[in-house]
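So the structure is just underneath, and the comments pick up after that.
The first chain written gets the first letter, and so on, giving A, B, C, D and E; residue counts start at 1 in each chain.
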Amino acid sequence: MNKVVQMLLVLTSIGIISGGLLAVVSGWADPLIAANQKAATEAAIFRVKPEGKKYEQIKNAGFELYKVMNENDQNSGYALVYQGNGFSGKIRLIAGLSEDLNNISAIEVLDQVETPGLGTKIVEEPFTSQFLKLETSPKIDWVKGEKPDKPNEIQTITGATISSKAVVAILNDGISRLKKLRESGGLK
Amino acid sequence: MKKQVTLSKEFLKGVWDNNPVLKQLLGLCPTLAVTVSAINGLAMGLAATFVLVMASLLISTIRKIIPPQVRIASFIVIIATFVTIVDLVMKAKFPDLSKALGPFIPLIVVNCVILGRQEAFASKNNPGRAFLDAIGMGAGFTIALLVLGGIREIIGSRTFFGLQIMPDQFEPWLIMILPAGAFLTLGLLLGAVNVYADRKKRLEHESLVAHYKRVGREELIEELEVK
Amino acid sequence: MAISTFNGGIHPPEYKELTENCAFEIMPSPEEIILPVSQHLGKDAQPVVKKGDEVFAGQLVAKAEGFISAPIHSSVTGKVLSIGKEVTPSGFPKDSIIIKTDKNSSAEKILLPPLDPETITPDEIRQRVAEAGIVGQGGAAFPTYVKLSPPKDKQIDVVILNGCECEPYLTRDYRFMIERPDDLIEGFKLILKALGVNRGVIGIENNKPEAIRILSEKVKSHSGLEVISLKTKYPQGAEKMLIKAVTGREVPPGKLPMDVGAVIQNIGTALAIYDAIVKGEVLITAALTVSGKGIKNPKNLLVPVGTPIHDVIDYCGGVTEDAVKIVVGGPMMGVAQFDLHAPVLKATSGILVLTKEEVEKSPETPCLRCGQCVGACPLNLVPTKLARYSQLQKYEEAEGADITVCMECGTCAYTCPANIPLVQWIRLGKQKVLQMQRERVTN
Amino acid sequence: METLAQTETKQKVYFDLTTSPHLHSGWSTSKVMWFVNLALAPSIAAALVFFGLYQILIILTAVIFAVGTEALIQFIRKKEITWFDGSAALTGLLLALTLPPNFSLSATAIGSIVAIGLGKQIFGGIGYNIFNPALVGRAFLQAAFPVQITTWTKPNFAVDSVSSATPLAAFKFDKFITDTSSLALGNVGGSLGETSALAVLIGGIFLIVVGIVNWRIPVSMIIGMFFFSGIFWLINPQQYPSPVFQIFAGSFLFGAMFMATDWVTSPITNKGMWIFGLGISLVLVVIRIFGGLPEGVMYSILIMNAFVPMINRFTRPRTFGALKEEKK
Amino acid sequence: MELFIIFISAAIVNNFVLAYFLGICPFVGVSNKLSSATSMGMATTFVMVITAIVSWLLYNLVLIPYNLAFLQIPSFILVIASLVQFVEMVIKKVSQPLYRALGIFLPLITTNCAILGLALFGSMREYSFLENVIFGLGAGAGFTLALVIMAGIREELDLADVPKPFQGAPITLIVAGILALAFMGFAGMI
């Protein structure tokens, strides 16, 4: 009997102490983590919408979407967070869009697990800068191995055509959903 | 009767003779998964060492009051608690590193280096020895991860701790930072360690044989051979 | 007619052209003969003569001991020089009776009373076969009367006469088939009678069309007998393979042909039975092919049993410059000789003198897993694994892979491009496994 | 060696005493290997014709480093050094023929070292490796230098419609179908050995005729390809290429004739060979149709190599005469 | 379709052992015999499915609603451990042959990071209940596949002439490396 009591006692007290300790630590850490996340999102939004000063999340969109306001508190467009399949897993990215949704201001890849040194080039400069001021209608298109000559085209990365195309597809997907949302009046 | 081992040996055994990764083949998953770069290896090593040291200290302190039946369960809860703390701290203070190490921080819980040490050592020794043992094992683990991470980073990305150290003409071998590269590198590393250990053993053996010959105690040589 | 055969096997060059047109020659008695008391499977025979005794050709010199054994008769007239250990073709020394031939003696060879094949009873056949010391001429030298006395509970429904002669070079059985077809059929009918079986099949590989033609013609007038043409493929003549080809039945591992209702006898055995019953002759003559590129005059010979190999070789003109290996038996299963004093035995079917070119082998390498040996093994074994298990002394695994089933036919080793001595390893492993099994029984 | 004739036959004499069988088929490891090297001659010729003489350097580099690595490791392990048995040379040659034209020589050397070192010698050398060494080398290169190894050059006599991309890549990314006669002749982009299906077939059929290559593997691969890719083609001929295209494009035939048939890394039983061949085709169709990469012959062969020990085990023939249920 | 993709992804494309490095220790430790590898694989698959079910319920019905996410790690591992113990006892009672085939492996599996990894990945990816179960099944199948392939190869390697220092773990890791290379062929399929 004594043994069982001791067992229960020790285990329970270890449990309680550890639970308590964790509660304390997480009480300290959780706000920091949330702040980190918020700061990261915020920074990303303002990077893809450089003229933005304020933003608010549009709830009920069915996906992550932010309305961005400029210094005059006027609507200056949207920041869209969208994801889809890349070469070896999900690619999640954020794109800044003009008010009429016809132009991309900039994009940034938030999460990806592409091959380092190959697919990961979609995160880097020469590729991402192609999206500055890119036209989105009728849809974004890509070319391979040559310079793009239309305002809605980008060039794929050599050796990472699939990842490049995935980025384009994700954008097209997200933007078309956004457009539908606008038609149905969901952006109000 | 327990042999009294010198304190320095207590520490050093984990670094080489009983190196958890290279000799005991424990904790291989984090070893392979996070070592795409030296910094990741180091961070993982330190995180695991922290958990190992804290858990060992605590467990050896309260070892007398833990009933054997709930031993493992208590160990796991204690380890899990420290792991969660590390995880939360990393997320709060080093978000980038935490992202790079991914779910492998939580997985320290099941890293058998840690559980194994509690079971094999901390629960049977005083806190001082347990501390030294944990530090030693932690150091061995960290060194192994650092070496592996260093090799993979240098060949796979031309850099070491982020600094480019290979010439531009050197085309990085992407494979080194892919899963296949991890397996191949660790396999070759383990093989190399074995080659070295075998050689050392042979040399020791030979010198012992030579010594016995010198002092004219051939019968001892036979004993050696039997072993 | 579809050609019957079995799965696997190989087709080495036949080299039969060297001797297939050489009719049997009778070789004169040598200066002395050596008669090992063990020329058959089973117990050694017991000498009944002693040093200095005068003996006649056909006289009993050692009597059978126990059920599985065979008596031995002198093949010459002369005087017993000594009894002692002498080398035999197997390489192991055995107790042997050495007889010095008396060249001047005019004594006739001793015959048993001839019997009438029409009225003879099965028991009389068996008794005569035992008395005449007949052993299987197909190579195994199993006492024939034992084979003719199957236990009551075994139902035999077919007897197969083995005319395959699938080993390269050898043409002895072929010569018998074309030189003595009528006697052969008489002998075969005696075997059928002894066993009380109506169906007799003569299986012949289709590289001997002449033999098939002659025998097919002859069996027409005998009901129950037929000739089957078989695909030319080594080891078509192995018991299990022949039964499979002729009847479609498979002899299970560890079982005998009689378990599936068949008895197999060699062509030479049938003739020996004929000679013993109709002519009263005991088995003192070995019929054999002397061939190979290393012998000056290849021949088919009738040789007194006990003649040393070197006498036979000298009789055939000796060896050529490039001869390197002397084999007793066929090239696939025969034994290489190191001492040419070893004598011709009752069941010796051939002596081959092989040249460098014929036996040349390339260096051995590890197994390339080409699978040739697996495809070729007629018993569906995996020789490469068996050999490797044996090499690594993994005898339990070897047993599990049926190493004891192997009949050591050599097919696998012939095909192996890595030149691994597969049969040698398997032989060794098989012995170890059998030893293991025996120990298991005794424990 | 002393011969029989030099001694009196009556004396006790000692000669070649090896035990039976005393005859042998006459094949040997090195003879087999050199035959396969020889069978690759048409493919080498085609590579030089279509891609230029530089390719000879790739081939030489690969062969020299393969043979050198083999000798070095054998020296370190104190084993007999088998420079000339042709197997290391063959691995080097095959590796070279799976590389793209104008590939870097230093990377080629790395591939050869890996092929022999990690693909073969670490398992104990010839006969013991599980995976096809040349393909291990190539897979390593593909993972190490993915961009360089998918950079293709136009063949010398390219007509305009032929792009520098390989037919499979052209199909995968642009839905462009190359016509079969170009594929057969070799006037298309691709790695050195695979361009000319004709050259591959000449070599392959030679090997089948002399009995080195077991026909079951290539035949089962082709049947499997017809079947598996045929299913997709019948479902939607627009989206999925025809079986004939699948067979002639890329390195399918080259792999079927020279690489899937590697003795060491393919099954030893006849039934096993069928399973192996069909398995390669199945995996290949999956990769080509659903995967991110246009070609997967190398991967599908390597994957099936991994299954070979199990295939051998489960297709062990029933011992002659053993009852069905007694099979162990 | 989504479910099928999750299964294939977990089983082949992103194989737990070959791409995620989870469960390496048992992979190295128990892959020397085909028979034990098969049992171990089945036992692991079994535990994985149970884990997927329990961890999903625990996470979504307890931890999240009560704001206890920080207890995720200790609670997952404790619950999994006790559940496995319970299952082991049940199996022992119900079927002796099954216990002999799977049971002895069960307690060891609890302290294997593939199981905890599965639970953590599942909650991280916010799978639905059904998706999570399929994920567990796929991961188990993939683990079994890798283990069984490796066991087949290692039985073969017992007959090979692997240099002494490379026998055992080193050659196993190198084979795993080559397998990982080969499985890269499925990349881009997800």
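Heads up, the rule we're going with is that a contact is a pair of C-beta atoms (placed from the backbone, for glycine too) under 8 Å apart; a residue touches a chain by one contact, two chains touch by 3 or more.
Quick caveat: nothing in here was measured; it's all calculated off a predicted structure.
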With centres defined as CA means, the chain nearest the overall centre is D
Farthest chain from chain B by C-alpha centroid distance is chain C
Most remote chain w.r.t. Chain E, using mean C-alpha positions, is C
Expressed in whole Å, how far the mean CA point of chain B lies from that of chain D is 41
When centres are defined as mean Cα positions, the distance from chain A to chain B in whole Å is 37
Rounded to the nearest Å, the gap between Cα centres of chain A and chain D is 45
Note: chain A residues in touch with at least two other chains are 18, 22, 25-26, 30, 87-88, 115, 118, 162
Check: chain B positions touching at least 2 other chains come out as 73, 77, 80-81, 84, 88, 174-175, 178, 180-181, 184, 191
Listed in rising order, chain D residues that touch 2 or more other chains are 118, 122, 124-125, 128, 140, 143, 146, 292
Every chain pair meeting the touch definition is listed as A-B, A-D, A-E, B-D, B-E, C-D, C-E, D-E
Chain C contacts chain E in the complex at 366, 385, 388-389, 392
In the complex, chain E touches chain A at residues 13-14, 69-71, 74, 187-188, 190
Per the touch rule, the chain E residues reaching chain D in their complex are 34, 148-149, 152-153, 155-157, 160-163, 166, 171, 174-175, 177-179, 181-189
Residue set of chain D touching chain A in the complex reads 146-147, 150-151, 173-174, 292
Residue set of chain A touching chain B in the complex reads 3, 6-7, 10-11, 14-15, 18, 21-22, 25-26, 28-30, 32-33, 36, 40, 115-118
